[in-house]
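Here come two complexes built around subunit A, the first alongside subunit B, the second alongside subunit C.
Our next item is the complex of A and B:
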């Protein structure tokens, strides 16, 4: 293990990439389906809710910034509760990775690698991710650092090049159709994605100047929510909520929309390649967390031996997780995201129990002579 | 299914060679072999029943009610 090898800048870049890449690539149709014109407001509030989850896990981690949560957690809740909860967090991370690879396969087989068998795509993605993670936490964060600006640029350029197709009159809907009830589903779904920042708890001993972590998380939240809003609003202005929510990958359709006559026509695959790599970085972080949980629970020195087996399992899992696109959609809006929210809220339980223990111990100390 | 076995075997051999080169404890070898075997069995079972059962069925059964309660009230 390499203590204190990750800078706060790298942390900010990794989480920003982590959040906006999946939100834009895969989640927008769910948001638009459930919230329509209220999706931008829902995404903003969901991002703040997700940051609140991670604030509690940051507060918990700051009590013992030099030791691993996986180690000290058992002193807080007892080992009989601690290890099953860790297993649940590992399983939900595994599911995040599995569904992301499934979605990657779906995009690639529908648009770019038509006819390629999905096992080939899954294994290629798996090899890329496993190689990044096997060299340790540093390589995952360095990859994020290297990719961040170019990836951000590619995401920022899309709203600009499609702007001439905006139907400005439909923008009125965002003001006149305001409803908290419609906003809530997309806020909840967004919070499940942004709440993934609470897994920073696991890598605290790797961070330089851990006290500044929350500042980095807040900046990632702001940057990624702004980038996501910059993509949702064009979708609403060009396609409208009805059409956009019925497209499997509205963002890709947006990219194809700008094709006509634009010099960026040939850049389309380059943009997709950047998305893919951003998602690889995100998955790298997730695989690292799963292997860290397994390695520290088995009291091993490093995560290396677990990386390849876990990535292989994720790749195979992505082939069998669902049968069809329809089943996938029903899983996403029928429980999957709740599983992630529960996993992200587990640190809150530790924080509460730990606070009670600290209060109880200090009262006991005060009362004893 | 044989491909899955080959993948896990390749990973197992490579990792065991790495552990031997690093002169790691016997306990590490045992942990790696046990976890590889468990993951292999799980993958094979999930792959064998992929047409009749998917993981998503459990997830929807376990978390679907909470989800619909939270979203629809």
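Our next item is the complex of A and C:
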């Protein structure tokens, strides 16, 4: 393990990629379906909510920035509670990864790799991810740093090239049809994604100048929510909420909606390739967190031995857990999200208990002499 | 000793490119038939699907000389099959041609009027579901049986009819309606205008006696995905394009208010705004179009150096524009087809009121919606001259025939 090898800039870039890549690629359809015109407002508020989750996690981590949460957590809640909770976090991360890989291969088999068996796609993606993670936390973050600007550029160019098709009037719908009730599903969904930032708790000893972590997280949140909104709003302006929510991959349709006959028209595979790598970075981080939890829990120094088995588990899981798009949607609208949110809120529990303990200890100290 | 692991590594590295994902189910370019035009029509025996497929083996320049000259072969094949449904016809085509039909290059779909009368919903559904067909695929319509007209069409500007259609769209020469436009909103889904193509006009460079080439015509009105009997004329279609903000440049003539003789104008449309409004009687929309106009010809005596005359002319062309807009909208309202998606504007602006009328929106549009038009054309350019050339000629007539044109003062 290399302590303090990750810069704050790398942290910011990884989380920014982490948040907007899958949000844009896979989740816009569900948000448009449930929130319509209120999706942008929902995303914005969900992002702030997600950041709030991670703030508490950051507060907790800052009390002991040089040691691993996996190690000291057991002194806070006791090992009988600590390890099951860790396992729960690891399992929800595993679920997030499985879902993302499944979505990835679903898009690829439907649009670009028609006829390629899904196991081939899942295993190739798995190999890419496993190799990134195998070389440790540094390589995951380096990958994020290298990809960030080109990926951001590709995501920012899409709204510009489709802008000539905007029906600007529809933008008014975001104001006239404002409703908190419609906004909430997107906000909840988004907070479950942005809340993944609270897992930064696990990698604190790797960070340089950890005190600045929350500032990096805030910038990641701002950048990625702006990027996501720059994709939701065009969808609303071009397709309208009714047609957009009926599309399985609205973002892909948006890409392909560029003026017909122009050279940009066949650009979508190039942009998809960039998505793919951004998602690999996200999954790399998740796999790293899982292997770190397992390794530290087993008192192993290195995460390496866990990386391949975990990635293989995720790849196989993605083939087994979800069978169809319809099943996937019913899964995502139900308990799965709550599971993620609970996992992201576990640090809050530690924070509360820890605060009580500190207060109790100081009072004891004050009263003892 | 240490060489062996290195060799292994190199061997593995060499194997990796073979795993590049595209290589799994790759289809050779030679094995693809790229469809650039889809034609769907209805016949007595079912849905007739025609795919226009460029023949790559005849595309080499030098071997093909455009059209029919010296027995040159057409670089395109039209494959037609008929089936009970669109899918069935497609399967028949795929079953008969030796290449893999690919829709990745399809930009245009031409519909036959008979099919349009029965309903185009199956085609919209097909495009939306097919991952390779795009939602911005353009729709066109042809009156009568399409296939025979298209197959006989000579073309000299472009090699393929599909390129001609793309050119129309690219240069804003024709009403452009995409699959998305037809599916945009639920309340008025399937209502729209589809540009019609005519095969009557003779191709400008074709020899005398050759069959008609393609040209633009009016537009068909669709209601709930079905063509109604009323059709917009080419002039009305231009007004419709103005409402849709698609009319970029338009040339026409209008009588001068001073002497009734024609003045020729061109207008460059700047923008069109559709604004819903609410009165005590109910809902309405205002269509405001802003354009700049210039004069390209004048037969009239009108003195264009006077500001008041310019204002007179402006008033006249605005009156004409408003009148033709109103007539065109009245026609669509008569059919009960919300072709301009006014329902969408109302639903965005007044969601509450919209909910009460959403159910029978088409009837509301037909009878109760108040439509105001407000065309703002400002005459900005007079061309390169001020007075009409015509006036100079008249001076000559008065002064006798022995004097020839004298343009100098």
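Simple rule for what comes next: the second predicted complex is superposed on the first by the 367 of 369 C-alpha atoms of A that agree within 3 Å, B and C clash if a C-alpha of one lies under 4 Å from a C-alpha of the other, contacts with A are read in each partner's own complex, and residues count from 1 in each chain.
Throughout what follows, contacts are C-beta pairs under 8 Å (C-beta built on N, C-alpha and C of every residue); 3 or more make two chains touch, one makes a residue touch a chain.
This one's a predicted model, so the numbers in the text were calculated from it and none came from an experiment.
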First, second, both or neither for A:205, with subunit B first and subunit C second: neither
Contacts of A:327 with subunit B and subunit C, given as first, second, both or neither: first
Contacts of A:42 with subunit B and subunit C, given as first, second, both or neither: neither
First (subunit B), second (subunit C), both or neither touched by A:243: second
Which superposed partner A:169 touches (first subunit B, second subunit C, both, neither): second
Which of subunit B and subunit C A:256 touches, first, second, both or neither: second
Contacts of A:177 with subunit B and subunit C, given as first, second, both or neither: second
Contact set on subunit A toward subunit C in their complex: 108, 110-111, 113-117, 120-121, 124, 165, 169-170, 172-173, 176-177, 238-240, 242-243, 246-247, 253, 256-257, 259-261, 266
Residues of subunit B defined as touching subunit A within the complex: 3-4, 7-8, 11, 14-15, 18-19, 28, 31-32, 35-36, 39, 42-43, 46-47, 50-51, 54-56, 59-64, 66-68, 70-71
Touching residues on subunit A, where the partner in the complex is subunit B: 34, 95, 98, 119, 123, 184-185, 188, 294, 298, 300, 304-306, 308-310, 312-313, 316-317, 319-323, 327-328, 330-331, 333-339, 342
Sites on subunit C touched by subunit A in the complex: 19, 21-22, 24-25, 104, 107, 128, 131, 134-138, 166, 169-170, 180, 183-186, 274, 344-345, 347-351
